[in-house]
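Two complexes follow with chain A in common, the first pairing it with chain B and the second with chain C.
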Partner chain A sequence: MAQVLIRDVVKVYPGNVTAVKGINLDIADGEFMVLVGPSGCGKSTTLRMTAGLEEISDGTVSIGPRIVNDVPPKDRDIAMVFQNYALYPHMTVYKNMAFGLKLRKFPKPEIHKRVTDAAEILGITPLLDRKPKALSGGQRQRVALGRAIVRDPSVFLFDEPLSNLDAKLRVETRAEIKRLHKRLATTTIYVTHDQEEAMTLGDRVCIMSEGLIQQCDTPLAVYERPVNRFVAAFLGTPPMNFIDGRLTPQDGGLWFTNDHGVKIKLTGHHAELAAGKAGQDVVMGLRPEGMFMRPGAFAQNEEQTLDMTVDVIELLGNTMDVFLSNAGGDLATARVKAEELAEGTPLKIHLDISKIHLFEPGKFGQNITLPETVAAVPG
Partner chain B sequence: MSTATPSPEPAMLPDPNSKRRRGGRYSWWAPYVFIGPFVILFLVFTVYPLLYSVIMAMQYNDGPKSAAFVGLTNFKRVLSDPVFWRAMKNTFLFAAASIFIKLPCSLGLALLLNREDIRARGFWRLIFFSPVLVGLAFVAVLFSLIFEKNTGLLNVMLESGTQWLNGYLPFIGVWDIEFPWLQEWVLTAIIIASFWMYVGFNMVYFLAALQSVSKELLEAAEVDGAGPWHRFLNVTVPAILPVGMFVVLLSFLGSMQLFELPYLLLGPGGGPQGRGLTVVMYLYENGFNAGNLGYASAVGWILAVILFGFAMVQKFLAGKDDI
Partner chain C sequence: MNWQLTRGEKIFQTLNALVLGVIAVSMIYPFIYIISISLSTPAEASRGGLHLFPREISLAAYKLVLSDSAILAGFGNSTLRMVLGTTLTLVATCLAAYPLARPGMPHRGLLTFLILFTMVFTGGMVPNYLLIQELGLLNSRWALILPVMITAFNVIVVKNFFQAIPESLWESARIDGASEWTILFRIYIPLSGPVLATVALWTMVFHWNSWFDAMLYITDDSKQVLQIFLQRIVVDNATEALETGVSSDQASSFTPETIKAATVVVTLVPIMLVYPFLQRFFTKGIMLGSVKG
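For the complex of A and B:
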């Protein structure tokens, strides 16, 4: 096991395309770090540079005590699981798992012990004599996991390993990876574009966009305290609602208002932190679960409501997503307890003010309602 | 007063069982019209000659009016003719050279021109492929000049090569080279000419196969600890094996049917003492020069059995480890 240090790493592809723009990341020994972001954000490139499959244009990557920029992949003491399993089609499952050990000239009894132990852990012992083509997608991915764990490497690298599995299998394999990490406690870097995977697997989640780390923190922290609008929008299903407006001082208080009749009184730390921005344009972010159809424990203040109309309802069992709009064209989605509700009904939506965020305008607008200590450490 | 809603006009709807459908645009014989031309041509130009050649192989036949049934005599005569065996030996030697020298070179060339760090890869691929675009007659004329004993390009180059080497290794001396390519080393000359012509052609097959090798698999092997040789052996070779087997089969079939190049380069007899005589040249000589079509048919069928046997072996090997 080892810590991984990524320092000012840059990747420039031919044609002067910069995929990674100088990122810094400290991954502790035994930590499960998830890199998440949309396609082209540089997450896979970062992983591949750590693996040694891509040259590093600038900066350094260290695994354990040594800088590995010029160390070939086979000597980095890493194991990687690929999106398309990357199993050798002409070899049996046993040979696939033993291949790396054989190349490293491990004695045969040791290879046998490691392979059978790993197969036991992953529940693939009955498959050892089969070839990959005779396996299902989930079984193939388990074999790929097995091939990685037999090596007992310092670092596991996962490159979107669950993308090819169906939804049910994805959830099962996700749990399996989590269990495996708890058991082995090996430093892990896991790349995905699926925020659900990121939130459920990672000790920390690193959200990337346009070659930069936007925020790196625990899953709960990035969800509840997003440093900018991009992070806020990326995490959460349904995603956070955004309403454009401005901060208006009025009646001795600070209000979020817009020309469509939205008028919400800011209280508590929101009012304190946003006070310096009075008069400026901002974007309000509201989580769907922070919106209620009637006043309750979290939303009592009548000055913190939105007048909206029900457009569409999606029933999800005991909850439902209510898609709302107002006359000015502001859109929002509320996730509420399921009940009888007709489309077209006008509603007064009560807001849990503790769940709202105010962002500066723009795709990467900073969250101005975070304490400075959080907002200052995005990467 | 109530008004009845008119029902849809039945005649407007297509009826799948209507006579019009069966006897009109969708007639039962329409498909046969489409496949008819092919079937007729296939029967006339493939099936009939094939069956007739079986009959002819069992006839003494030097023309349609002098055909006489002789049973398996033609086959016995062919198999006891030393000239046939010499032609067979030459043909097999050529096939072996194609498979064991030319194809590995094609693969090597494909591996080289598949590398991303090679400049102007497209240009080099075209250059190596281009000989196959040249006609066989042209190649034969070209190589008859290259192989000329005294003034041919090859001997001149070899001679100047020894002169150059002599500057570094004086003890080897300067050789006065007059290698008899088209007199004694006839088969070698044919192999060289064929190599020049087809090495790039086979390279294209291997290139196509190499481009389909999974990059992720190569990377997985690299992370697993495999160096370039192990990656080639454990990832590339298994991935290109089906194409490789196909190219071997094609090369063998092509070699067994070798005719134009030696015929144009050496003439009907295959050069001095039949050193360049191939099975198909032997067949042609007997069938069309000597006029014994029955005998030539027997040679043709022996060749067909060999080709079929090889194809079956290849099919068996390819299916043995279906990946």
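For the complex of A and C:
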């Protein structure tokens, strides 16, 4: 096991395309770090540079005590699981798992022990004599996991390993990876574009966009305290709602208002932190689960409501997503307990003010309602 | 599926079948004709008209052809040329194609261009002859193998196949600790059965059927290939050499025509037998299960 340190790493592809723009990341020994972001954000490039499959244009990557920029992949003491399994199709499962050990000249009994032990852990012992084409997608991915764990590497690298599995299998394999990490406690870097995967697997989640780390923190922290609008929008299903407006001082207090009749009184730390921005344009972010159809324990204040109309309802079982709009074109989605509700019904939506965020305008607008200590540590 | 064909479609399909049928018959009939003649008695062979099946079968022509020491030597030389030539072609082609298939290979585009250039522009017969002469390969079996050992076309075909192998297999093997040699011989080549079988078949057919280079470079009959003897018998009517020492009784059981036909069949059959053994490699799906796709 080892810690991984990524220092000022830059990746420039031919044609002067910069995929990674000087990122810094410390991954602790035994930590499960998830890199998540949309396509082209630089997460896979970062992983591949760590693996040695891409050259590093600038900066350093260290695994354990040594800088590995010029170390070939085989000598980095890593194992990688690929999105498309990358099993050798002409070899049996046993030979696929043993291949790396054989090349490293492990004694035969040791190879046999490691392969059978790994197969036992992953429940693939009956498949050892089969070739990959005789396996299902889930079984192939387990073999790919097995091939990685027999090596007992310092660092596991996962490149979107569940993307090709169906939804049910994805959930099962996700749990398996989590169990495996608990058992082996090996440092893991896991790349995905699926925020649900990121939130459920990672000790920490690193959200990337446009070659930069936007925020890196525990799953709960990035969800509840997003440093900017991009992070807030990326995490959560349904995603956070955003309403454009401005901070208006009125009646001795600070209000979020816009020209479409939205008027919400800011209280508590929101009012304190936003006080210096009075008069400025801001974007209000509201989590769908922080919106209620009637007053309750978390949303009692009548000055923190939105007048909206029900457009569409999507029933999800015991909850439902209610798509709302107002006359000015502001849109929002509320996730509420399922009940009878007709489309076109006007509603007064009560807001849980603790779930509200205020961002500066723009795609990466900073969250102005976070204490400075949080906002200042994006990477 | 069940749908009604329009009148135009019916006419088109009928015409299609007719034209393709005529083409098929025009190709298969010469084979049947030659086989039929080679198995016929002299009287039957000299009968005019269509020959589909010999009415009176005689193996005399085959016995004569297969007992001729020059033809048997030619057979051995052609087989040696085919086996050695094909093996070396496969090895050399893979060694050339692999680096050209790797994205990280420096000057890959330029090298590919230079190889492609030789497909369009070649030295021609006289410079080739002079080169073989200068290399001291005249009247050597290597003159039939080395100049054609590696061809641009084969390299491009194999290179394209290698490039279709998922990059993640290469990456996975690198992380597993494989060298480029290991990746080529233990991953890429075992996965390239279909393309290697195709190149092998092309090369085998080429070597087996080649006549012109042997005529140019080989002067010693003991090193001569089968096609040269076939040419002498079929084109130059040199059947007398085979008939030397044959009794008059035996001589009445074949004619120059049956000897020619039997020689053609003898030279055809070995290469035709190769195909079924290579056919299994032509089936697709060897990459099945390797990667999701």
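By our rule, the second predicted complex is superposed on the first by the 379 of 379 C-alpha atoms of A that agree within 3 Å, B and C clash if a C-alpha of one lies under 4 Å from a C-alpha of the other, contacts with A are read in each partner's own complex, and residues count from 1 in each chain.
One rule holds in what follows: contacts are C-beta pairs under 8 Å (C-beta built on N, C-alpha and C of every residue); 3 or more make two chains touch, one makes a residue touch a chain.
Everything numeric in this text was worked out from a predicted model, so none of it was measured.
With both complexes brought onto chain A, simultaneous placement of chain B and chain C is prevented by a clash. Look at A:Met308: by the touch rule set out above, it reaches neither chain B nor chain C. In the superposition on chain A, contact is made by A:Ala134 with chain C only, not with chain B. Looking at the shared chain after the overlay, A:Asn164 reaches chain C, while chain B stays out of its contact range. By the document's definition of touching, both partners, chain B and chain C, reach A:Gln83.
Judged by the touch definition given at the top, the superposed model places A:Leu53 against both chain B and chain C. By the touch criterion defined above, A:Met97 reaches neither chain B nor chain C. Stretch 182-190 is the one among 2-10, 164-172 or 182-190 where chain B clashes with chain C after the superposition on chain A.
The interface of chain A with chain B overlaps its interface with chain C at residues 51-53, 72-74, 78-80, 82-84, 86, 88-90, 99-100, 103-104, 131, 133, 147. Taken together, the chain A residues at the contact with chain C in this complex read 51-53, 72-74, 78-80, 82-90, 99-100, 103-104, 131-135, 137, 140, 147, 164.
By the touch criterion given at the top, residues 166, 168-169, 171-178, 182, 187, 190-191, 285-293 of chain C touch chain A in their complex. The residues of chain A lying in touch with chain B in their complex are 51-53, 72-74, 78-80, 82-84, 86, 88-91, 99-100, 103-104, 131, 133, 147, 151. Residues 214, 216-217, 219-227, 230, 234-235, 238-239, 321, 323 of chain B are the ones that touch chain A when the two sit in their complex.
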